[in-house]
Amino acid sequence: MEKIKGLIDAPFTPFYKNGEVNYEPIEIYAKLLAKNGLKGVFINGSSGEGYLLTEDERMRLAERWMEVVPKDFKVIVHVGSTCVKSSRKLAEHAVQIGAWGIGAMASPFPKVNRVEELAAYCERIASGAPELPFYYYHIPAFNGAYLPMIELLKTVDGRIPNFAGIKYTYESLYEYNQCRLYKNGKYDMLHGQDETLLPCLAMGGAQGGIGGTTNYNGKVLTGILEAWAKGDLATARELQNFAQEVINVICHYRGNIVGGKRIMKLIGLDLGNNRTPFQNMTDAEEQAMKMELEAIHFFERCNQF
Amino acid sequence: MEKIKGLIDAPFTPFYKNGEVNYEPIEIYAKLLAKNGLKGVFINGSSGEGYLLTEDERMRLAERWMEVVPKDFKVIVHVGSTCVKSSRKLAEHAVQIGAWGIGAMASPFPKVNRVEELAAYCERIASGAPELPFYYYHIPAFNGAYLPMIELLKTVDGRIPNFAGIKYTYESLYEYNQCRLYKNGKYDMLHGQDETLLPCLAMGGAQGGIGGTTNYNGKVLTGILEAWAKGDLATARELQNFAQEVINVICHYRGNIVGGKRIMKLIGLDLGNNRTPFQNMTDAEEQAMKMELEAIHFFERCNQF
Amino acid sequence: MEKIKGLIDAPFTPFYKNGEVNYEPIEIYAKLLAKNGLKGVFINGSSGEGYLLTEDERMRLAERWMEVVPKDFKVIVHVGSTCVKSSRKLAEHAVQIGAWGIGAMASPFPKVNRVEELAAYCERIASGAPELPFYYYHIPAFNGAYLPMIELLKTVDGRIPNFAGIKYTYESLYEYNQCRLYKNGKYDMLHGQDETLLPCLAMGGAQGGIGGTTNYNGKVLTGILEAWAKGDLATARELQNFAQEVINVICHYRGNIVGGKRIMKLIGLDLGNNRTPFQNMTDAEEQAMKMELEAIHFFERCNQF
Amino acid sequence: MEKIKGLIDAPFTPFYKNGEVNYEPIEIYAKLLAKNGLKGVFINGSSGEGYLLTEDERMRLAERWMEVVPKDFKVIVHVGSTCVKSSRKLAEHAVQIGAWGIGAMASPFPKVNRVEELAAYCERIASGAPELPFYYYHIPAFNGAYLPMIELLKTVDGRIPNFAGIKYTYESLYEYNQCRLYKNGKYDMLHGQDETLLPCLAMGGAQGGIGGTTNYNGKVLTGILEAWAKGDLATARELQNFAQEVINVICHYRGNIVGGKRIMKLIGLDLGNNRTPFQNMTDAEEQAMKMELEAIHFFERCNQF
């Protein structure tokens, strides 16, 4: 199975002021990402507030992204939801529109406590798009599914033919590496934490990744991969340190989904608010964040139109 | 606002073998519950696998329950979901079909970390059915929303006019009682753990409750309320102890949603399996559970048609 | 084995301003407790900062309490520590000084993850005082030992002859009751949360208990037991509600060990500060707490000399 | 302040069969470690079961290690305990015997919830050995002190003159790196997880570290540092992967304190059992572990006498 090289972006979902999805900015959004080095999008995931969208909205968003992305720009559709029947339908829809792949995190409800439950959940969804690669999205801090990923690989291996790998959004580079080494690298281990690309590269991982801060800091983050490939460790470190400084800032503003989305407005692409129950940033918070970003010269290095 | 007296049941959702919702058994199900002392149903909640149903299925289930319940039998529709837009629509639908009330637990995704977020979430949903009582369903073990309920009451008081109270499914009888005492009992505190009805009654609470094991053990559980009302403590204790013995059994079979639903088959109302990712009971497990229930003479005391 | 009737107090440990243990106030402290209805003391536990004392200090404190308590006033020595060798020595010392019983919570380090580990830990300590009743002190919020107590009883039953029961400081009245019913009440289940004495009594429990707020609110708390025994539910409820109001106050001041200890000063028995790393109350906090207590007329109902 | 270069070992504490500390093997133990590339020892920590030792045993162990270590071999004494008075005494003792430095983790009881509490705890201990470097040992999985380390550095900076840095035993390389960068590397950030030395090196960290598996796998682990220094990434990766394989094995046998200590016996240095409540390995487990280690050719690469 093809392995992803480079960074995929997890885009935010644009909303109008009235809270409805705004499909307008997606075309320019896709151009922005491609121009700044991203290789694709992982849509309707956590950054995209996928769980807060209706089934219809999720399908229309997937269609719109498919229409506007450049050639060879991968569209991976996150289809996870609490209703596996709906997820299955979204998987089938992803096939119909020609998406490159699909993915799903563990359902946050009911909390998945056993590897077998998780495997059955993935199986049901993946089999709805058998010709597409399926990625399990491991992000236990969000859904409580603190399950051993090696056990998941062993359980799905030989059972879910299109299980492609894991988007690994968790701190354990030890577990990441063990998964990476499983059967000589059978599965694609996408790195999922922008703050630690460099250490993961050193271990032999992070050939591909899915980023959340790549929306606005993609040039810097793809720069880490390029510097590493060239053997330029000093540059890679400087870029990784800068990426962490940016993440330090969004951590002051309720993280990437809230704070990061607002950065898009500051760089010129207003994507609107977040849906309830996310607590949106006030104007004063936006102003304070802007100053923090200016202090680290972010606007000179961020993604450019 | 009217307060609920007696026990409301949280019914399971019937499925066909193929995994689709089976609306057939609902009529007889409603009769069974009413006959055994229940005062209403809280549908599409955790016992009902509400999060695992599509929006359409949830609406059709609500309609069907409305059609078949006896007069004065309350139908409360759980409308919580990860998509507040969908929850709002379900709330509006509940009004249209004449439901008695609505409820919602905190969204399990994104995890709600602040009382203000939770209040905004409740507000958005409750305002979709302004003429109906809205109950917040507090079940933090399921969704991670370990927030102080007194703070929630203070925050919604004067802000959400139809906020009726809390279905309290958590162990802290201290917090329960503090909520009960808030503004001299302004809010309806529905007891939500069948294993501790009696202690809650002693404190002055549990005038109303919502049960999960009432599906099959409703006679015993309503018996606790009756015995207490008559001052018959010995009987109340015996019944509460028995209710705990039944709960001991379902704890051996992955709890009420899985094990309890299978008990319905054993008492004569086959409701089918659970949806993925619930891990259904094997026939061997069913047989073992049956023997455990026989050992405590459950089938002589359970709900009867 | 004798079962405890009534409430045992978990006293604070008095310190001089320089941080050394002050043995002076213990005589009057014991009188205060006995006068206000307490039946004994559980010393060197969490309220007593037992883990923050040296082995020598713990022994001297035990000796001093033995010297000053009235006849038939039980002294139970908490001997738990991270070093089972030291705990064993403290258990042997408790025998030598004639203490009524001993107790130990699970070691907070290493975190105890298996019932067998906990049983072995209890066994090693209890066998150091084979003639004394040994109580396991279950307080998982403090040490992370979230283990099933029924399993502990099954494991120690027939193996630790002097295992007397459990001081149960946890919210699950369901588990408490199951332990209480084990082998027709073989083990003494001491209630350990002052906020829920009444509900526990209703279930048939709380014949004995160990309190932390009994240090200053013992009259009220023993009053709950007396009112219940007389069948005076209204009084029992009023007293339980008041006890919760007092607990509401200490929750504003870092709980019983910090806030509660300072209340002792306010009622006339200055016990000094807490040891590091407890963060002691400032004078402003003390003043604010005093006002909160006055607002609920605490000083008219608290323990009196 | 001097920064540590290379790897320090956290030794196990030898016990006789009767459970008493055995000081005999320490001399040969020290030689083994020095011979295999270690630069010092961090004694009486978690691997050394420091919390399970008496104050006297801890002091005698420290004295013995001081007597036998080669010149320039650092002895850092972990003095943390639940009793800060005892920790302070141990710190003073470390000065007296000429130890190189001291360290302490957060007390596991009471659980430390505020950075200020932790800073006060460190301050009290560190000031007992003002001429020695003090290292905070961050291992929240063991003591629940999930506090932000950057905040700790800011709080102790300018307040605890001999605060040298942090032994960082946690997964967040992001936080590690932020601490490393604080004030241009003012504090010594010792890497504390043997499974991720290589990724940490890439980021610019892990110039020094404290290992637990270095007891038996020190040659391999110091080899990672050497290979990295030479720019030999392929070797560094191979060694890191092997180190993870060894850790995979001990994870099957209750981790390093239990399983790792038994490996010492298998390589020729029997250190006895663990103290209660650790559950010691059976002979059958030992045999099974040996076979797992043989399967990865561990005994050909492990530390050699």
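Letters A, B, C and D mark the chains in the order given here, with residues in each chain numbered from 1 onward.
Please note the rule applied: a contact is a pair of C-beta atoms (placed from the backbone, for glycine too) under 8 Å apart; a residue touches a chain by one contact, two chains touch by 3 or more.
This is a predicted model, so every value here is computed, not measured.
Looking at subunit A and subunit B, no chain is in contact with each of them. Residue contact pairs shared with C-D exceed half only for one pair among A-B, A-D or B-C, and that pair is A-B. Subunit B and subunit C have Cα centroids separated by 36 Å.
Between the Cα centres of subunit A and subunit C there is a gap of 50 Å.
Of all residues in subunit B, none touches two or more other chains.
Under the contact rule stated at the top, the pairs of chains that touch are A-B, A-D, B-C, C-D. Taken together, the subunit B residues at the contact with subunit C in this complex read 171-174, 177-178, 181, 193, 195-196, 198-204, 233, 236-237, 240-241, 244, 247-248. Chain contact summary for the complex, subunit B toward subunit A: residues 19, 46, 51-55, 81-86, 106-112, 114, 116-118, 120-121, 124, 142-144, 257, 275-279.
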